[in-house]
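The data blocks that follow each hold one structure.
Next come two complexes, and both contain chain A; in the first it sits with chain B, in the second with chain C.
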Partner chain A sequence: MPEIFIDDQRFEFEGNPKVLQFVLDQGLELPFFCYHPSLSIPANCRQCFVEAGTPVFNRETNSYELDENGDRVIRWFPKLMTSCSLEATDGMVIKTHRSSEKVARGQKDTLEFILINHPLDCPICDQAGECPLQIQTYKYGPEGSRFEHKKVHKPKRVQLGPNVVLDAERCINCTRCVRFTDEISKSKQLSIVSRGDKNYPLTAPGTEFDDPYSLNTVDICPVGALTSTDFRFKARVWEMNQTPGIDMTGSKGTNIDLWVRNNLVMRITPRYNPDVNDHWMPDEARKDYRRINENRISRPSIKLDGEQVKTSWNNAMLTFNEETGKVKPSEILVIGSPHASVEDNYVLSKFFNRLGVSDVHFANDIEKGRGDDFLITDDRAPNANGCRFLGFTEHDPAALGKAVSASGVKMVVILGDDLIGRGAFPAEAVQGKFTVFMGTNNCDTSNAANLVVPITCSAEHAASYINEAGRIQRTIPAKETVYTSRRLNLEMSLGRLDHFATKFDNWESDDNKVDCIPAWEFLIRLVQETGGDLTYTSSREIMDEIASAIDTFSGVSFERMDDEYGIPLKKENQPQGKTV
Partner chain B sequence: MQDWRTYEPLLIPSIKDLHKIDVYEKNGGYQQLKKVLSDKEQTPEAVTNTVKNANLRGRGGAGFNAGLKWSFMPKPDGGPRYIAANGDESEPGTFKDRMIFEYNPHLFIEGALIAAYAMSIDAVYVYIRGEYRSWITMMQKAIDDAYAKGYIGKGIMGSKMNCEMYVHMGAGAYICGEESSLMESLEGKRGYPRVKPPFPAQKGLWGRPTTINNIETLANVPLIIKNGSEWFTSIGAKGHPGPVLYGISGHVNRPGVYEYPSGMLITELINDVCGGVRGGKKIKAVIPGGSSTPPLRGDSLDGVRMDADSLRDAGSMMGTAGMVILDEDTDMVDLVWRISHFYHHESCGQCTPCRDGTGWLEKTLLKIKNGEGEIRDLELLLDICFQMEGRTICALADAAAWPVRYSVARFRDEFEARCKKSIYAVA
Partner chain C sequence: MEKFEFNKAERDHIEKIIARYPDSQSAVMPVLWMAQEKFGHVEPDVQKLVAKTLDLPEAHVYGVASFYTQYYKEKMGKYVLDVCTCLSCQVCGGYDMLHYIEEKLGIKAGETTEDGMFSIQSVECLGACGYAPMMQITNDIYVNHLDKAKVDKVIETLKQGKMPEFEPIPMRVAEKS
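Let's turn to the complex of A and B:
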């Protein structure tokens, strides 16, 4: 296998990797700005310099030429090479800043150049704390500045489009944003304008940056030149906990990170998954944090004289058991949800099977024409396939509306799906039927329900979702509820403050905690109330049971999902969901 | 070597109305194209070899052997192949290609077509700087006439050769003269130089094999085909032969474009060709080949000839042979600042060292020019140059650094005199 020597250490490689990517893949560090693994390579920032040489091959002896010490004679490239664009060749010798003064000087020099016209306004810059320029300057930059002149001034606070703001003075001209719109979103809305040190990215005159994926440029901008209209100035990076999650606004299963401060999700950013969304996500999906933070159902409520009245969990359970005792199993219509997790849906179905209800229904949530051929889908729900794979009966919303209205139905149980709000049926359809709504947010359906049970949302529980391609992926709790604690729940991510804060840092707070529990937990509590046999203590346990009980899910576990970017469920195992 | 005094111009001979196609034809025009098309011996490889052996070195600045460059083109695979003829001519001090556009456009067209034949080219793009409005019109007229006579287009001169030729007007960016940004510009993109490899011969215009040659380079080709490579190598300097259009400007009595053999003594060009320095002054400096080439001191010109080897030994470069003669009254700080201003203005801004280094150079030079500089600023200038040279995608950063580096080195006393006095002795 071809070999390459990096700072005298030998590595083997396959194919034609570029030196920078190869070095990074070995877990070694090299500073860089313009390179992005999913974009073309412009080699313009000149930060990734290395020294490179190739061994001298003697055709006649068919071997490498050796010096008097028996070492290979190396022909060095005379100039510093940009490792991002340099292709590895067999026997290549690379020196990084770790072994070459010349490289260290080259990297320092480039940073000095970048910084002379940079505003250095880190204290008021959103990027501070996650800024490659800031980090690399600390590590590789010059000690001070020798620049004694006026910096170049460029436009600031330019609203490029609805979601993105430009500060052209911070821009280091890496062209990542331009390449993103050229190569990934293909809107070609950005271009560098002007010349030399006056350069900055802009849209064409009279147009705006309304690319549905525009905020990805904010993520990949290596400085604070592009910021999010929505997020800017809201939170500092180091105050937030970053927790992996799954997007809930479509069926793509886009991997995301939830950034939480004080139990509020401050922003959502894409998380790398080579098999699903690469490094990207749509702008719309980022706004989903509002659903998590705002208008949440907290504490159960019961409808009394047409008004929702808060009640205790005990009373809620009592009411539920009472009402199910009043009707025959055949009179209960159980509606699962493509918006809820596999675990919640599974336990719902299992719970009602115990009571003798054999069918669980769900309504798909399709908006024809919404999707594109990238990450936005017609399907607005993250887990329709979860319902299908559990064998639920699929309906169009209208068809489900008919089933609800049927006179034989005396009780309707709805899991996390605002069916009335999305027009499956009008509120009158459930009048006179005892309606239970287990949901996360106040909505038309919760208003119409007789009993409202607040349940955790995707940001508060560990649970799985199956995307349109049949890939099962899971969330991790990102924010606390009244009943969970970041430091006690091993599933929850710990941020800098959790690890290092003193009590004076004032990082712990009971604000913004919702009084809710996972839907499955509510259901098994009902069972335990009546001395039953459903005894899960975690969603992990539920998934283990699903994996052993249902063929499609065999081999699935939280650990594997975590390790393997989610698991594609085997096509041949996938049951055809019943469609009505 | 032939005495330059008896040299008869070949690229711009003094024939009246030679730019008109019938006059050009009457003077043997398009006969070399006919020769390569009809003579069985003149295979594309043979033509390429002739040009290679003639050691025709590129007149666009880098001085690379044209025939050798042609030989890098891969074998035709049926897909399109291009020549981009570089008439961007934006380097300060350079104004010689426009003589060809004006006085002998068909010589260039014929040369480009012979090159097209040698490399199986489908289209030639003639890229002319946008400011050359009238020369663009002249060139377009010449191409239209050549089309009308069947020298360009389908079945050229009754042969099987097809080749189109288009004039493309630049939009005022010096950087678009750099060959790879020239291609980007032709493709309708922003003039950002490309990272090499891949080289234009592998992936040029629209990803297809492309050769870029300067206008003057291509204009030499019919002469080589007519008289042979040995004849060509016998003209002028051994290592850098052939006729050269010397564009001489600055403080001489008769500035202008003069055609002479390569390897002319700089002193001869100044004193005999251009009638000496204006007002009989002394020469302070000579920029031999466009603003990017290091200035030579006026007292170091003895025996220096205008060819790659002699100029290298003297500490400069041939560049475009656009010579700027500067007399003793020249303010070197002012001059270098002005050159720096140009490169600052023209950097495409892609690479960090060039984007920010060119501005830093200019600002520092301005400070010195205004009498506010300090001796340490001179070291800083040299440091900035060091940090720019050889670290960028194209050679503009070097072109910006060299005049500064060599002026500070060669005229240091002048720079120091402009700096604030240090109260301590400066080592």
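Let's turn to the complex of A and C:
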């Protein structure tokens, strides 16, 4: 196998990797700005310099030439090479800043040049704390600048489009954003304009940066030149904790990170998953943090004389059991949700099976023409496949509306899906039927319901969702509810504030916790109330049961989902969707 | 609003230009140049026309046009004085000349006189470092070894509607010792 020597350490490689990517893959560090594994390689920041050489091969003797010590004679490239664009070859010798003074000096001097016109406004810059330029300047940069002249001034606060703001002075012209619009989103809306020290990325005159994926340029910007209009000045990076999650606005199953401070999700960014979304996500999906933070249902409520009043969990459970006792199983219509998790849907179906209701229904949430060939899908729900694989009966929203209106139905149970709001049926359709809504946000359906049970949303529970390709992935709780705690739930991440702030610090707050529990937990409490034997202590346990009970899910577990970036469910095991 | 279009003959010519290169992106500079010769400038609408003609992103054409001071991104005066302020000219008094012209015409670099006669630009190296300080007039004649008297004379000539004459540069012969 071909070999390469990096700082006198021998590595073997396959194929034709570039030196920078190969070094990074070994877990070693090399500074860089313009390189991005998913984009083309322009080698324009010059930060990933290394010394490189190849052994001298003698064709006559068919062997490497050796010096007097018996070591291979190395022919060095005359100048420092950008490792991002340098292809590894057999026997190549690389010296990084760890073993070469020249490379360390080269990196330091390059940084001094990059910083010549860069404003040192880190204290007010959103990128501070997650800024490659800041980090690498600390690690590899000069201690100060020898440049004593006035810095070049460029436009600031340029609203490039609806979601992105440009500060041209901070830009180091790495062209990542330009390459993103050229190569990934293909809108080709950005270009580097002007010349020399005056240049920066901009759209053509009279056009705006309205690319539906524009905010990805903010993520990959290695400085604070491109910032998000929405997130700008909202929170410092080190105040938030970062928790992996799954996007809830489409069936692509885009992997995301939720950034939480004081139990509010401040922003959503994409998380790398080579099999789903690579490094990217659509702008629209980033606004989903509002659904998590705002207008949440907190504490159960009951409709009394046409008005909803808050009530206790005990009362909610008693009412629920009382009402189910009043009707025959055939008079209950149970509606699962493509917006809720596999675990919640499974326990819902199991709960009602015990009562003798054999069928669980759900309405798909498809908006024709919404999707593109990239990450936005026609399907607005993250888990339609979950409902299908659990054997639920799929309806068009209108068809489900008819089923709800049927005169034989006396009780309707809806899991986390605003069916009235999205036009499946009007509020009048459930009049006179006892309607239970287990949901996360106040909506038309919760307003029409007789009993509203607040349940956790994707940011508050560990639960799995199955995307359009049949891949099962799971969320991790990012945000505390009234009943959970970061310090007790070892799965939850702790940010600096969570770690070090005390209740007496004025930047720490216990607010923003919603009084809700996972839907499955509510359902098993109902069973336990009546002396039943349905017990789960965690959604992990539910998934284990699903995996052993249903063929489609065989071999699935939270551990595997975590290790393998989600699991594609076996095609031959996938059932054909049951439709009416 | 003025509408910009290429006629049939021009479009045929553009096809020939494109045929010289592996892709149409390479034709962006000659086509921008053609457009500037025809319309006198490459304002955003002209850039749009070029982008459409070559089937390129508008942002790309804008990026190219904005790189070169020789492409006029807005309507300019009849005579554009491109005063070089790059290193060699700067050392030899390029900025003095620029400021003298600015004062004389009563406008700043990047502006055009009210009568539409003159525009001034401060530009990067024009490759005439040996004759610094110098300027170029409307992407055409170089005026070398500038001093105040020479600037006065050039502007007077231009006001009469004449371009200054081409200045052949004598080869310096090494002095015999």
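Heads up, the rule we're going with is that the second predicted complex is superposed on the first by the 568 of 580 C-alpha atoms of A that agree within 3 Å, B and C clash if a C-alpha of one lies under 4 Å from a C-alpha of the other, contacts with A are read in each partner's own complex, and residues count from 1 in each chain.
Following the convention adopted for this analysis, contacts are C-beta pairs under 8 Å (C-beta built on N, C-alpha and C of every residue); 3 or more make two chains touch, one makes a residue touch a chain.
The shown structure was predicted, so the numbers you read here are calculated from the model rather than taken from an experiment.
Considered on the superposed chain A, chain B and chain C are sterically incompatible, since they clash. In the superposed pair of complexes, A:Ala398 makes contact with neither chain B nor chain C. Look at A:Leu304: by the touch rule set out above, it reaches neither chain B nor chain C.
By the document's definition of touching, of the two partners only chain C reaches A:Thr207; chain B does not. By the document's definition of touching, of the two partners only chain B reaches A:Ser85; chain C does not.
Residue by residue along chain A, chain B and chain C are tallied for touches, and B comes out ahead. Of the two partner chains placed by superposition, only chain B is touched by A:Ile116; chain C is not.
Once chain A of one complex is fitted onto chain A of the other, the partner contacts of A:Ser191 extend to both chain B and chain C. Contacts of A:Gly106 after superposition: chain B is touched, whereas chain C is not reached. The clash between chain B and chain C in the superposition falls on 184-192, which is one of the stretches 58-66, 148-156 or 184-192.
Common to the chain B and chain C contact sets on chain A are residues 191-192, 194-196, 199.
The part of chain C that touches chain A in the complex is made up of residues 44, 47-48, 51, 57-63, 66-68, 124.
Residues of chain A touching chain C in their complex: 182, 188-196, 199, 202-207.
Put simply, chain A touches chain B in their complex at residues 41-47, 49, 78-80, 82, 85, 106, 109-110, 112-114, 116-117, 146-150, 152, 172-173, 175, 191-192, 194-199.
Residues 173, 175, 190, 192, 195, 344-353, 355-360, 363-364, 367, 380, 383, 387, 390-393 of chain B touch chain A in their complex.
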